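Following this line, the structures themselves.
Look for chain A in each of the two complexes below; its partner is chain B in the first and chain C in the second.
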Partner chain A sequence: MISALEKQAFDCAPRPDLAIETIGLTFHHGSKLVLDHLDLRVERGGIHALVGANGAGKSTLFRILLGFLPPDAGNSFLLRHDSLHLSIDDRRRVGFVNEEHSLPEWMTIAAVTAMQRRQYCDWNERAFASAIGNYGMLPSQKVGELSRGERAGFNLALALAQSPEILILDEPTLGLDIVAKGAFMESLLYSNATEACTIIYCSHQMEEIERLADNLIILERGRLANISPPDEFRERVSHWVADVPFKGPEAATIPGLLQRHLIDGIHHYLVLDQGEGFAEFLRDAGAGRIRTQRVSLDRAVNAFLARNHAAAGR
Partner chain B sequence: MLDLFKAEIFRFRVWIAGYFLLHCGLIAFYGRMIDLLQLPTMIVKGITAVYLLSGLLFGLHQMSHYRRPNRWLNLLHRPVAPRQIAGALIGAAMVAIGVAIVLPMIIMLTAQDLFSARVVDQRHWMLPAATFLSVFAAYLAAAYVILGVRRYAWLIPILLVFLGYSEAIGIGVIAIQALIVLWLCFLVMSAFQPAVMQVPARPVPLLATALSVQMALYLLLVTAGGLIFQVGWIMIGTHPLNGAPPEGGHVEASGARSSDLLMAGLARRHDQQTRIWREQVRLSDPLKIQPGFAALPARGEMTNMMPIMFDDEERAVRWTFSHDSMRFEGRSLRNGTRHGSLGLSASNRSFAQPPATFDDGTTVNARTFARFEPKLERMSPRINVPAGETIATRPQPVGDSVALLTDKALYLYDREVLDFGDEAFPARQRIRLSGRIGDLSRIDFIELLDGYLLSQTFGRWSSEGGSDGVQHLEKVDGSGKVIPVAQRALSNDFPAPSRFHHIWLSPVLQQVYHMVTNLFAPKAPLQARLPPRIPNIVWLTAIALNLLSAIATFWWTTRSRLDRTRRLGWTGASAAIGLPAFLSLCLLYPLRRNRV
Partner chain C sequence: MARIHPLTIRIATGDTRPISKQIVDAVRVEIATGALETGAQLPSVRGLAQQLAINPNTVAKAYSELTSAGWLEARQGLGIFVAVQRQRLSPEERDRRLDEAIGRFINDVVALGLPFAEAQDRLAVEMDAVMPRKSA
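Here is the complex of A and B:
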């Protein structure tokens, strides 16, 4: 029989198969609740996309995971290590790329690279050369002279060359043009450094997520709203088009409603977790013709994240 | 670490080089016109303030760049210990300060020592080190403002006042500065963690942070509180220094005419002798002497209160005192060449202590008044005071006599003493001071047929927590015998809470402040004062304030959900330290607002 204290310690112990684990993680920014008792378990390996509306707590979660913010309550573990006590070796195993690509502007590419090479004992020159090869940068160029896209690529190349066990990318393509985004994705997708690496990819670009992610994590108001493969999530959202007389059923009565629109007298409903039973519901509401169609991941996620707006409009 | 260090040097290379060149240019320009090593302390403090400002701005700029969340993350999320990263940034700052500020000073000292006849003493070689430590302290304080918790980190630069208020001299200054730098370095290193803007959790950093904040708050409250009180009083229009002073007080006594002051001292006596004295006061032209020096030059101090030099205009020679040779060293004003050494008397013996000099070629050190004789090119001692006494004024002609005040007595000489010395014309009178020289405001006297009627007024610092004002009236007869005539207590023009606000606000921190500012300080005979009589109301106020602070602290710590040990620790600290401890608690652990 184990004591309550031992049970608590057991409950808080990190699981070895997890790259990231948070237990009851809570954080306030001033009086605003940013993370609300977040329980998140991300398994090792693969690419995990993290999405959420602005202010959902994504960047805060990363800062807590990396030990740069102490939580108000709860625990967080990165590669089984308590985030508040990450050692030098733990930091070596975790790569991080943020949206600002904040590298020292006054240093040359060669100088930054040399510094990183000396600091990371598992430096992967091949991965670095491969990633940076997508850009036409000169070693003598200063970081401050690089375009935003080049800086993003350089930052990614540095992170990949560290041979990280986990690579956290916090909206790395934010503000990049389509060409730069393409180059960035090429570097990431075709790097040999990512094979044994867990990638956490935070982005608002659904086409990137659709292309990259094995797993889709949705944060909503500091809580975990979904964790599943992207296709699985997309299957949960269905688009129904029905010829319902008059204004149709009351929003509050529509099961799983995410969004609804009235276009040219035809009702469009985006609903969550509704099977054929939803057709029955529409028929009961007087619908004549009913058809259902698949939705894109972009539309599914947007509708999911905007469902509270729909609720507010009910 | 070395990479980051080099990168940081590279980052500021242009600014460092620019500052270095500008600094060298300014030093070379002013060095051509004046002897920079003989600048008075006030000017040196002004220049030091510019250096400190440079250090502050550099610290703010350097750290605020990294303090942005993503840059901070990029800087610290690497397989290098935070203290090593801090070491790299701080090390680069040390090099920047060294090159931009200290190196030009060393170049100037070396050039002056090797290529000019100007005096360069060993003490001057401490100036670069002292400047470096001061600027580095300012840099660290600014770095802490950026790295520490915003609620209280802005208070830390206030601690830099210890650099200016310390009474230490020479190597003692370096020691004080080194201690301040070590303290600030510890604070910065404690704050240099990934989770920045956090109140330290470990006991030692927490204690260092709390004590620093408490001392800064104490200094702020004492200064700002005192200023607000004085300005408010002046605006009301009843301030003792604003208009007619209160009757019977020290302010009135210190500004009174000598005859009025003597009359006031005699007011309570009504005997025949007193009536005669009153008549004599009325008919006489009373004389007045006040302490002249707050301190005399001390051997080894890095700067001079005033330049220790004078010119022999006949020979166009400038004599500058050297602390190394303890003699004046001559330099021709025509061609800048050396012109020998000037000691005391015909034997050219060295001075026992560095003197203060005056434009007329006279000098005063602790025990000797001397005069330069241009014809003989000799510094001749004129007056020597007994061992254990320190001269407090230049000799002053008073009537037919010459008066000289020391920390123990007033001496009266014949006027001839200035030309022929005290061996030929020894003191006619030695009148012992009735109090301490540091409390003395003025001495007023009239000559009687058989001696002097003399008033000694004390209480110079009574408005700022010094001893109470008092006037002693004495008669000194021809043989030097002192007969007490009257004693008049002067009322305090300022209320006790104002005079002793530095004590009741926190007796413990007042003692700490006193201890730190006097650490490594030499004896200062001219500052000797009687310990003040502190009214009971001041102690009662202090006790009440400490108790209230302790109660408020206990309530606050309960609301802040601190654990039992910290609750008791903070409550105990507030009971001992008082209001600054409670205020520091509020800043360290604010009560949480209702959260949604």
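Here is the complex of A and C:
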């Protein structure tokens, strides 16, 4: 017989093939529910893009995973270790780059680098040199003198040199110009330090996600709304164009509706998980000519995130 | 040692085709036009990924699709090469697909109201551009 306590411990045992696991993770910010019993399982390896509207709980999730913030309920594990009890050795294996690229402004690049080099026993000088080589920074420059793009690059180079097993990037390219973005992505994708690494990457930029991500994770109001390769998600959304007479069916009755528009008397519907049966639905609603087409990833994700606005107010 | 044949293909984000599909289509056109000849070596997975600024897994997926469809062949430890092209479809299936394509073309072009000769000329020019070339 196993006791209730042991059973609970067993249920919460982290799975070894997962880089990140959360079980019933819940967090309130004041009276607002930020994470709502979130169950998330992210496999090791690959690039995982995390998207969600502002306030979907992405940054909060990262803070809890890293042990900066205790959850109200539930468990979270990073590389099988409970986020609340990460040892120094566990933290060494986690790289984190946030949008602020916060580094001590008064220190020189050389001084910050020397400090990090001392702290991390698996320091990978080659990865550092190769990542920093994409920028024309001088070791004698102070962090405060760097542009936003250079700071981002420096921050990434430091994280890569740590030889992390998991790299968490919270909107790393936010506010960077197109050249700086390109340099950042190049350092990240083609670094020898990331080959065996799991990368979790939070972004609003669908173009980057389409190019980079193996896996698309969508958070919506603190819950998991999708986890699949981006192309599989795109396949779930279809665009239908039909000459349904008058106002067309009530939004609430349209199966899988994400978004709809009435343009020049023709109805456009973006719907989720609808097969040929949707044509049947449109015919029943009085449509004569019905066309369907695929959508871009950008369109699919935007419609999905906006879906709660589709039913309201029309 | 065989030299790697550069691939001058372009991919677009925001397209309704996944990036891996865009690579598959582009490589097939390169092979069909003879720009990529039988036995030519393609860029490595990592190399093409870097060239196109995309995830290497996407390139790997496209290459594996092209390999299993017989367009490319992987030689162990050497790389990816253009395979000897064979007839992939049965004559009936080819006929059926050609009929289908012509049907679509006619439907679209009739609506434009162009003189027959003009449409024919334009088609001939475009077809000529994608047909295999006899190298001189």
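Basically, the second predicted complex is superposed on the first by the 310 of 314 C-alpha atoms of A that agree within 3 Å, B and C clash if a C-alpha of one lies under 4 Å from a C-alpha of the other, contacts with A are read in each partner's own complex, and residues count from 1 in each chain.
Here is the rule we go by: a contact is a pair of C-beta atoms (placed from the backbone, for glycine too) under 8 Å apart; a residue touches a chain by one contact, two chains touch by 3 or more.
Just so it is clear, the model here is predicted, and its values are computed rather than measured.
**Student:** Fit or clash for chain B plus chain C once both are placed on chain A?
**Tutor:** Overlaying the two complexes on chain A (C-alpha atoms) leaves chain C and chain B fitting together cleanly.
**Student:** Output check: A:107 vs chain B and chain C. Expected answer is one of first, second, both, neither. What do you get?
**Tutor:** Once the two structures are laid over each other on A, A:107 reaches chain B alone.
**Student:** State whether A:211 touches chain B only (first), chain C only (second), both chains, or neither.
**Tutor:** In the superposition, A:211 contacts chain C only.
**Student:** Angle at chain A, chain B to chain C, CA centres, as a multiple of 10°?
**Tutor:** The angle comes out at 160 degrees.
**Student:** Touch test for A:295: chain B only (first), chain C only (second), both, or neither?
**Tutor:** In the superposed model, A:295 contacts chain C only, not chain B.
**Student:** When the two structures are overlaid on chain A, which partner does A:196 contact: first (chain B), second (chain C), both, or neither?
**Tutor:** Neither: A:196 stays clear of chain B and chain C.
**Student:** Who does A:67 touch here: chain B (first), chain C (second), both, or neither?
**Tutor:** first
**Student:** Which of the two, chain B or chain C, is in touch with more residues of chain A?
**Tutor:** Of chain B and chain C, B contacts more residues of chain A.
**Student:** Closest pair of CA atoms, one in chain B and one in chain C, after superposing: how far apart in Å?
**Tutor:** Minimum over all C-alpha pairs: 28 Å.
**Student:** Just which bits of chain A does chain B share with chain C as contact spots?
**Tutor:** Looking at chain A, the two contact sets are disjoint.
**Student:** With touch defined as at the start, can you tell me which chain C residues reach chain A in the complex?
**Tutor:** Touching chain A from chain C are residues 13-20, 46, 49-50, 53-58.
**Student:** Considering the complex alone, what residue numbers of chain B touch chain A?
**Tutor:** So the residues of chain B touching chain A come out as 3-4, 7, 10-11, 68-74, 76-81, 194-196, 198, 593-596.
**Student:** Any idea which chain A residues touch chain C in the complex?
**Tutor:** 46-47, 182, 185-186, 189-190, 206-207, 210-214, 230-231, 234, 293-298
**Student:** Which positions of chain A touch chain B when the two form their complex?
**Tutor:** 28, 30-33, 63, 66-70, 84, 86, 88-89, 91-92, 94, 96, 98-100, 102-104, 106-107, 111, 114-115, 118-121
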